[in-house]
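Pasting in a structure now, in structure tokens, and then I'll have a few things to ask.
Going in written order, the chains are labelled A, B, C and D, and every chain counts its residues from 1.
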């Protein structure tokens, strides 16, 4: 806190002078840096710091040096608000966050209230990974922008792919028992029912979040159901352990997942030997074939030691720069106005745009599967030193991912 | 359905035996020293991480022996340099010491091995399906875990019945005031008991680590359940702890296997009722509430039979 | 006249061991009654039974005619019986003043009150001060009870016991471990403080017993073998045989 | 629990020490609460003060259990959290019905929430004290925290229930939008709650709570049912915890299941114990320190929780009276005028002790940052975690500091004995 206060004091004195061009553009990065989610939060922080360096190497944003201010929220909504308040108190006008929809909802509420109560000190919330659909529907806010496809959009894309797979006959849904897991299951049931009424949903399971240490009872149930495909939004240890138990029991099905590529996931898949049977839906793939993206990947891996898990963060930061330049200002109100409806060439190629109605970014989405990499020249990137990597199975165009919104946007 | 029952029973018994490896030490320590060792599950975690590290250096089998001994040594050091000095401040201070210790151990573990699960694998010799029930494989390693737990259980039984320390421990279980009459040996007996209890927890960690997840929050996940087991079984009762361990293991596993909810039994509620606590309770499945069942049991036991299943004394 | 304490055919077993066998005892109001007996005879158990600390396996205990066996200690206390403990049993972290005051609170009707300032209750203050005077601890009023000398703690123990104004006072070895001079002082104190009340006392020091008691009961192996005035007890051949013969000249 | 039996000499003195000093302290506290934000007016300090205020009420409420009645609870956050949830629901209801209830009343609703839960489960919970109570409180805590995720309509799942504190009717023109207004609302409740809780310790019930803490068996023989006493104490603790929860809900405008969880319960236990449970003001010190550390340490080190654990273990082992206990130990010395005897020994001991502490910090940070991370900035000197020189420095500080410090600690103990003997002779120490 001291450091922040000192920094704030320093910033004030600078303001008192004149040289606003040297003033850093601070982005508060609010994510877990201690506690259970720390490994994920650290990865995000490295990504944003890398992106800030990239921008600064080219002169920053409108001459302002971009600075990432790490703020540890311990994956706790209340702590996030403390950190957000701390950041705002210290003069931060942009915050970004991704891990945990509960945190995201709290922050969205925070910026809305803060901005209505403190006109002239508006704060924007850039969301790079909290995917609860309600954040751009009933709870939507003008001050919130989301670069990740929300879970309904991903399911829309996923089911658009699944409907073309006649081998899928019996689907088992298993998800973590919280809002994200529930929206995955609800959307899956609804969309599969519409697009492939012949598919039978033979199981629909919610299990306690991050508390199960042995998934074998669940695997036994899946096996007993006779499913040929499992759809899951599980992430972190809940994904790795699920797969481990499946391998132990000898369950051979296809897995359609949201976050199989998360830390520990690739290792678990490799251990189970489920080659090309685990699919992931994401807005980018390391082996995308896009030259610029693949060069970026190479440099990123060399500098940070991790793979590009957040192409959306790249989109977020680059688009931020574009919007600021378009508005010719780093004032959040003007940047927000510029971002609305903005079109943008995304990281892995193709056009995306920030829908004005709900501030949801739409972009091409990829289905990829995990397995050994045949052509090292074309697909050079493996994951977690397993020798296996992601290759694209299908690309769903932006238009195919559009979903209507119930957002009733209140503009200032 | 039949395969679900077989697999769930095996898993339930296995989890129950693991719980007993932990709760036996906890019960004995509590009975003799009056200390509810909050850090007991942390010793289990230490066992898993020591096991993981030693497996990488010298292989699984030596680790299986050395890691529990190391954990036992840590336990003895905690007793000798921590609890013994805190004893004069009373049981609450001792309890708080172990509470702080649990906190610190978790932090140290995550500092050294990180917050994500470590790659602690089943040894290759045991990495095959032991048998197949209707098309579902049952891993050999789990059978191995079961065997180890049963062997330790029997060894514990023999030690309690046949050795001098065992007799002292048994006397202490039924007559806590007896411990005061042990004379000059009391310190050494305490240290030994604490060490053995910790080592058992460590052993449970070593064998559970590859099968379950080895992560810095594994102690915090398991700890509260342990307390449920020993209160449920009756404080100071080893047979009680045994029955409670198995029961909770089975309940936890079977609850997961069941899909029932009030809605599935009595039909869905009228949608016009809207969202209310009633609809929440109505629609929740048994599988979803599996993790809170032990605590529910705890509360029920405390209301209807405060001394626990087989306990004889209230505190 | 109903007896202050009436014990009828009380039995107490721990497991298979019968500690108290067919215990019958009657203590008249205003009487000073001593219970003596060899070690392990069940004197403390008898105390615990009468005060409600443990419950009899069978039989009946009456306090001033009312059945109290089966009641909790505080219920019995509220009916006018107060006891002390063989091992000092005070509130160690509280001051002498607080110790006595707590014992005064229920009797003065303040019970669980959380709307009254405890320092603002004149009758409580006065009574506490009187008792501190009585037990000669006024000069130590602000010292935590845990830091008193042993004899002082024993005196405080008596002070707490009598503070509630109970009509029946039971003292469990009040002079145990005291020097000769301290014992004399304590006996005088007990005599004075229990004036007009019923006193039941367990004591090993025979000079205290015979100097203080109006009547004596002899307990051997959980059974009262004799009850009577000091003279009767002295002359009782059964008592002599079982107990007194060796210990009293 | 048989803590060092030094307490309440001072309290007893104060009792006869006149009302002036008593009211003076509270008046001073009130003035401090009013003036604080004027001195430290930055937004950051306002946020911190608000959090500290809430933590003070929470820790004091916890001490009704631990310090006053001897009940060690591992689930105190349950009442706190339920108070918070009830407050949020109350705020939403008030706003949607336009009831003429101003925001400052809401914490009372939170208090009632905490009280109601205590009323409901307290009788069963407080049947027994000690370890058994501790375990039951842990079990109930886990049960409620997990259930809160199932009862979504009440608890809003893991994202919780949000509210808008400005949607209630304004009071004296205050909308409670700006943090400064919320700060004063919290400050008001801190003062009221602290006075109420202090007053509680000076009632017949408060004293009997102490008696139950010291010796529940004996309490039964002076006419009291310790079970009833514990139950009442539990309800009071629940009520004030609920107020703290209600204030948190107002401050953050959200209540979620993390409010009810073990982390929150552990936090309040740390606060109360580190501050010192034997004195009324102990938990206040603890709440200030722990909240400050929690806010400040997180931005300095990623392993801040480990430092918490170490501080806590250190306090449990070497100073079970907490910070308040350490401070109050010096009171008789000051009165006897012998403080001068110990001060030099403190100064001598301070240097090696500090070196030892730095050694611990350097060791921990070296391990924590071994696999990467910023250099360790200790007293302005940067240390690189992977450098052998850093390891050497850590080892020298740790071992050398300890060895030298141990000698100086003996000196402190001797100086203490001398000072205490004199104090005893002069009648200031029993």
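Criterion: contacts are C-beta pairs under 8 Å (C-beta built on N, C-alpha and C of every residue); 3 or more make two chains touch, one makes a residue touch a chain.
For clarity, every value in this text was computed on a predicted model and none was experimentally measured.
Undergrad: What are the chains that subunit B and subunit C both touch?
TA: Looking at subunit C and subunit B together, the chains touching each of them are D.
Undergrad: Could you pull out the chain whose C-alpha mean position is farthest off from that of subunit B?
TA: Greatest centre separation from subunit B goes to chain C.
Undergrad: Determine the centre-to-centre distance between subunit A and subunit D, using the mean Cα coordinates as centres, and give it in whole Å.
TA: 38
Undergrad: What whole-number Å value describes the gap between the mean CA coordinates of subunit A and subunit C?
TA: 75
Undergrad: Quick check: how many Å separate the C-alpha centres of subunit B and subunit D?
TA: 31
Undergrad: Provide the list of subunit A residues touching at least two other chains, using ranges where the numbers run on.
TA: In subunit A, 38, 177, 208 touch at least two other chains.
Undergrad: Counting only residues that touch at least two other chains, what does the list for subunit D look like?
TA: Each of 2-3, 146, 303, 305 in subunit D touches at least two other chains.
Undergrad: Return the residues of subunit C touching two or more other chains; collapse runs of consecutive numbers into ranges.
TA: Residues of subunit C touching two or more partner chains: there are none.
Undergrad: Going by the touch rule set out above, what shape does the chain contact graph take here: line, ring, star, complete or other?
TA: Shape of the chain contacts: other, as it matches none of the listed patterns.
Undergrad: Go through the chains and record each pair that touches.
TA: Touching chain pairs, listed by label, are A-B, A-D, B-D, C-D.
Undergrad: In the complex of these two chains, what residues of subunit A are touching subunit B?
TA: Within the complex, subunit A contacts subunit B at residues 35-39, 177, 205-208, 211, 213-214, 216-221, 223-224, 237, 240-241, 248-250, 263-264, 267, 271.
Undergrad: Where on subunit D does subunit A make contact in their complex?
TA: Interface residues on the subunit D side: 42-48, 51, 146, 149, 157-160, 162, 164, 166, 177-179, 248, 252-254, 256, 258-259, 263, 295-296, 298-300, 302-305.
Undergrad: So in the complex, which bits of subunit B are touching subunit A?
TA: Going through subunit B, the ones touching subunit A are 1, 3-4, 7-8, 11, 15, 110, 114-117, 119, 121, 129, 132, 135-139, 211-213, 215, 217-218, 221, 253, 256-257, 285, 287-288, 290-291.
Undergrad: Please give the residue numbers of subunit B that touch subunit D in the complex, ascending.
TA: 30, 34, 36, 82, 85-86, 88-93, 95-97, 99-101, 103-104, 107-108, 111-112, 220, 224, 227-228, 231, 235, 275-277, 279-281, 284, 288-289, 291-292, 295-296, 298-299, 302-303, 306, 314-315
Undergrad: Per the contact definition, I'd like the list of subunit C residues that touch subunit D in the complex.
TA: Answer in residue numbers: 51-52, 72-74, 77-78, 82-83, 85, 89-95, 97-98, 101-103, 105-107, 110-119, 121, 141-147, 160-161, 163-164.
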